[in-house]
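Just so it is clear, A, B, C and D label the chains in written order, and each chain counts residues from 1 on its own.
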Amino acid sequence: MFDLLPHLLNGLTLGLLFALIALGFMLIVGLMEQINLAHGSLFALGAYVAMQLTGPRPPLPADLAKLWLALPLGWRYAATLVIAPVIVGLIGMLIEFCMRRTYGKDPLYGLLLTFGAAMVIEELIRLVWGTRDYVLQVPSAINGGFLFGDLIWSSYRFYAAGIAAGIIALVWVLIEKTSFGATVKAGAHDSEIVRALGINLSRLRLLVFVFGTMLAAIAGIIVAPIWGIRPHMGVDAVIPAFLVIVLGGVGSFWGAVVAGLLVGLCVGLAGAYASEWSLLSMYILLVAVVTFRARGLWGKKSVLEV
Amino acid sequence: MRGRQISRRSVLKGSLMASVIGGTGSFFGPWRENHAWAQGAKPIKLGLTCDASGQYGNSGQDDFRGIKMAIDEFNAKGGVLGRQVTFITADTETTPATGSRVAERFITREDCTILVGALHSGVANAITQVASKYGVIYMNTNSSAPSEAGENCSRVKFVWDGNGTNFSKASVKNSVDSIGKNWMLLTNDYVWGHTTSAATKAQVEAAGGRIIDNLLVPQNTRDFTAYLLKIQQAKPDVVATAIGGDDIKALREQVAQLKLDGKPAWINNQQDWPDVWGAPDSLFGVFGTTWYHKLQLPGVAEFVKKWQAANKDGPIPVPGNVSYNGYMSTRELLRAIERAGSTNNVKIIKELENLKVSATDRMQHFDAYMDPVTHQMQQTIYLARRNAKPADNTDLFEIISWTEPKSAADDAAPTKCKLTPYEQVPTVDS
Amino acid sequence: MMANSTTSSDAARLVTPTMLVLWLVLATVPLWITRIGLYPYLGIEILIWSLYALAFNLVLGTAGLPSFGHGAYFGIGAYAFGLCQFDIVANLWVCLAAAAVVAGIAGALVALFISHRRGIYYAFMTIAFGQIFWTLAIKSHSVTGGEDGLLKISRLPADFGLVSFDLTDNVAFYYFVLAVFAVGTAILWRLVHSPYGRVVAAIRQSEVRAAHLGYNVWLYKASVFTLSAALSGFSGGLFAMAQLAAFPDVMSLHQSGYVVMMTLVGGGLVSFWGPVIGVFLFLTARDVIGALTNAWMLYFGLLFMAIVLFRPEGIAGALSAAVQQHSINALRRRGTSAMRLLVGGGR
Amino acid sequence: MILEVDGVDTFYGETQALFGASLAIEHAKVFALLGPNGAGKTTMLRSILGLTRPRRGAVRFDGHDVTRNPTHEIARAGIGWVPDDRRLCPTLSVARNLSIAQKRTRFRNWSVKEAAAIFSPLEYLMERDCENLSGGEMQMVAIARALVGSPGLVLFDEPSQGLAPKIVGDVLATILRMKDEGIASLVVEQNAEIALSVADHAAVIDRGRIVWTGEAATLRDDRGLRQRLLGVQ
């Protein structure tokens, strides 16, 4: 039993990270009925931009760079956590502008478009930063390990899980507790009526999409110190994101969160007790759940079903 | 069927026929470079099958830099047999199916008579199959699965990297004696991982140690916390890893963050320089390599300078084992052509099979030789660990031992490798 | 949709004029392919992938079911072909049949789980199953050779009892694949335009309406998926012959994605021949661009985006629109009856 | 005139649904648009709102041409809409459905509280999700939603549809109440009697054409005319 506890804890922290990775994807699928296949590439881009900003050669004029580098790493990191998603959000904005032509058509077109965008972003990453790996530096306060119950744990992991929980809470407040969230939900449900209520739907969609891409970028920044940074890292993110959404059910916020935790627990426990099955276990979990619950745990009927 | 007229014995004849069927052969289409060769000497064209994207995109490009350097050196000296050496390269995407197609293109469309470059064993196998169909020589520069020189060996393929068995033989016995007998294995759940771990296991047991657990890690694992916890719970003396690709990079990060390096001791397989360079702070444990740019041997410093001059502002500041293997294999290939005095494939193969390179020439501690039975280069195997007192920011390794080729040789390989007889190799000449 | 672009007389035919022209053009490919800077092997891959994409489009275009893990069946077919050759009997026909049957069984198994789904959940489930098959292919390396691949698969001779053709040469194999492709396209054409195909197309329009008309929607969805998987597996068997090996990568999400993209780019949603156009464009461009630059992904990404932005109906759609426009203008201008024939031939 | 529709042609794809349709609504007056099912009544509302854009003709609201404006700007100018199927967001509470519709215009601005006060039961339903409301309650929310948008004109699409007679009475009372507050209404109805009971002016539409327009009282009192225009009721 005591052997099991660390693995449960590990599974939960892992689950929070999975939920964080899926969050931006979930927003765009749930609120815009668009599958954003570029989610993974934007995730990677977030990590790269953050690495560039916190690294020794920030993309700034020499004087500013000196000032910036004089700041302690902790400050730079904290600032980056805000700046990098904004930069990635601008790319998201570009994608949304292209995406507009697919609204109201077969969702396959949005898929094709974002697949193309994903390829372009990955190749641009390779052109700008090369094929090598990078490391995202994190402040020493959240780095290293600590001893707990005879085992060494990674501090960063708990920090990451904490941030993930915080961001999940923030997104929840935004969607469930603000008028903006309500408008977005209404827009997803019935786009005509929100327009007839005087709401600028294109701006609303733009905001949601950009917000989704910013969340992808944040997930990239948070996960990068664990996974490492490389051009094709996005693929590693987009698949779990998919999985979490389907498991939780399209359009369900808590579905995604619970599914993320479930997947984390499943992978974590399988890693300890049936290690070779750990990655496969999440697919088996998905098939098992979706066989009995057609729309995932809390999924609703979606426009994308037709 | 018209195609049956084309002889399968010779690529050259085949492509000639194709152009005869197609007309005069003078029109080469919009993409074909159409040179008039000076003095009628047609260049020797190499096809460089280097990954530029996918898991080994980074290493593939480092491989390419070494290969290109050797080609440039020969061309600066006036080429080989008085002919220039040219090349073409295309992204093999770390995908075997692409490797296959690229190899077909290079051989049948670009008239390459030799292929060079490999990281991923699947891609290398795909290329090998196409190459051996046409009898085209293939330099497997950096794919280090033991099977490359075992069951998947080929008469036309030469393997230039040390493999998992070589590294285990160099590292295990010593570690069992000096560190402890309880070993745990961390094995990537695919062929390379399994064969590498099997080699380690055999060595551990032969040295009187025992394997207390073998954790199989699925490919594409990014989070190793579950395994690290499990290892801490099991408390082995030594953990031997056979984790490759992007997975080992993630593992390195995570072990480094926890500072788990030390208790237990970690024995890793070969760490490729392009992978290390991206995350130098995460090096941990003891690991293998075939070459290091700060070896205290004659010629190394000059080589590094030349390499740097050729790759100014490149993503990696110094050559590592991957670039080294690319360079060495290409250089020895071109030398073999010179010695053979011919570009006939079987003649070159025979030259390479009898290849012996002195320690000085290889910039390693011991003389190296090509094993004629397995086609694997038998070379010095180095063990290294993270350098606590680096001389500069590229000085990441501390070399702790070097093992001579014979002591690190994979004894099982010759029984697994069956090379096709020369007579069955299609003739290739350029 | 598909019915719009074909007249009823064509739909009833076994071999349409378009088909015949295509086959004839393809039959001349080995004569000139090297002259335009390409090579016969590429022709082989294009034909095999075309057949695969057509099989895939049975699910995506005809039935409107988004299957994003179709590479699994292609890959399973390749493995089945190799294993049959090694462990059962080295006979081309038996092993190609085995490739189709094994992939069909895998497809049927998956169809059991997914056929009551639609849209996004259907898509996601196909991805999950695709990933499972892919992971298993890498994991069961004692059977599949794992990432090393199932090697040393040979191009078995095409034995017709009296005569036997050796297929080891690329040009010979090209003609064999072309013959198979011709039969395959004829069968698929008939299938799509059969009563069965029309029910499947009706399901694409509206599952509810089809169910009200008394069709067992589940059974149709499951059978069309199984059929498509079997044909994909068959193409996979051919691919194993082409590559002399079977590798797990064709089963990955990325590679499964490519066949979707090829089909969409070509215009598979509006035209029977769309997937073939897409495959031709994709593979040729990738080969040529790949030889020129390592950054081929950039150009393809931009191409996909451009297609969505400017020609969402795909190349086939754009072509047929252009032909129709041209014919109509011509008719308006001259009003000759000869031009009517052109409209007929513009399909 | 608060709204003038001038010779509007509207199409669905290639099918024409309105043929040169015109109507004019005075400030703070109730206008009834009558006609059988499929005559083009809903299309008229959609044309006014720009949801289905007219190919020809003009829509002027409060003196400004809004024919080419995007829907949300037309709404922001002060046109409210009560669709026939209510179209509330089922997963949101009543309060949220109202709050997202709130906006300020140059007409009288309504708070959620004021709008809810018109229908007394609404105050107790504020926190309930809209999917759990009865048909009558939904209609009240839909009207309140139009009100909090501070409109100068509200378009009612079949307001009596599927409602109990008592509730229909409440709805009509509300329309009159809004008239007192200076809000004009365009009531589209199949049921002429109901609409005419509150209307000041009326028009009859048939197969996309306005076939009669005039005082509501004329139509209300002239049974023969009504029968000729609208068939037996």
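What we mean here is this: a contact is a pair of C-beta atoms (placed from the backbone, for glycine too) under 8 Å apart; a residue touches a chain by one contact, two chains touch by 3 or more.
Values in this document were obtained by computation on a predicted structure and should not be read as measured data.
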Chain whose average C-alpha position is farthest from chain B's own: D
Chain occupying the middle, per Cα centroid: A
Where chain C and chain D are represented by their mean Cα positions, the distance between them in whole Å: 53
Separation of chain A from chain C, taking each centre as the mean of its C-alpha atoms, in whole Å: 34
Inter-centroid spacing, chain B versus chain A (mean Cα positions, whole Å): 36
Sites on chain A at which at least two other chains make contact: 122, 126, 276, 279-280
Where chain B touches two or more other chains, by residue: 52-53, 189, 218-219
Chain contact graph, described as a line, ring, star, complete graph or other shape: other
Set of all touching chain pairs, with the criterion as stated earlier: A-B, A-C, A-D, B-C
Residues of chain B that touch chain C when the two form their complex: 1-4, 6, 8, 15, 18-19, 21-23, 27-32, 52-53, 88-91, 95-97, 100-102, 104-105, 108-110, 120-122, 125-126, 129-130, 133, 145, 147, 152, 189-192, 194, 218-219
Of chain A, residues touching chain B in the complex: 3, 6-7, 10-11, 13-14, 17, 122, 126, 130-135, 143-145, 150-157, 225-232, 236, 267-269, 271-272, 275-280
Residues of chain C defined as touching chain A within the complex: 66, 113, 116-121, 123-125, 127-129, 131-132, 135-136, 139, 253-254, 257, 260-261, 264-265, 269, 295, 297-298, 300-305, 307-309, 312
Chain A - residues contacting chain D, complex: 179, 182-183, 185-186, 189-190, 192-201
Contact footprint of chain B on chain C as seen in their complex: 30-32, 34-42, 45, 135, 138-139, 141, 145-149, 151-152, 165-166, 168-175, 239, 242-245, 247-250, 255, 287-288, 290-292, 294, 296-297
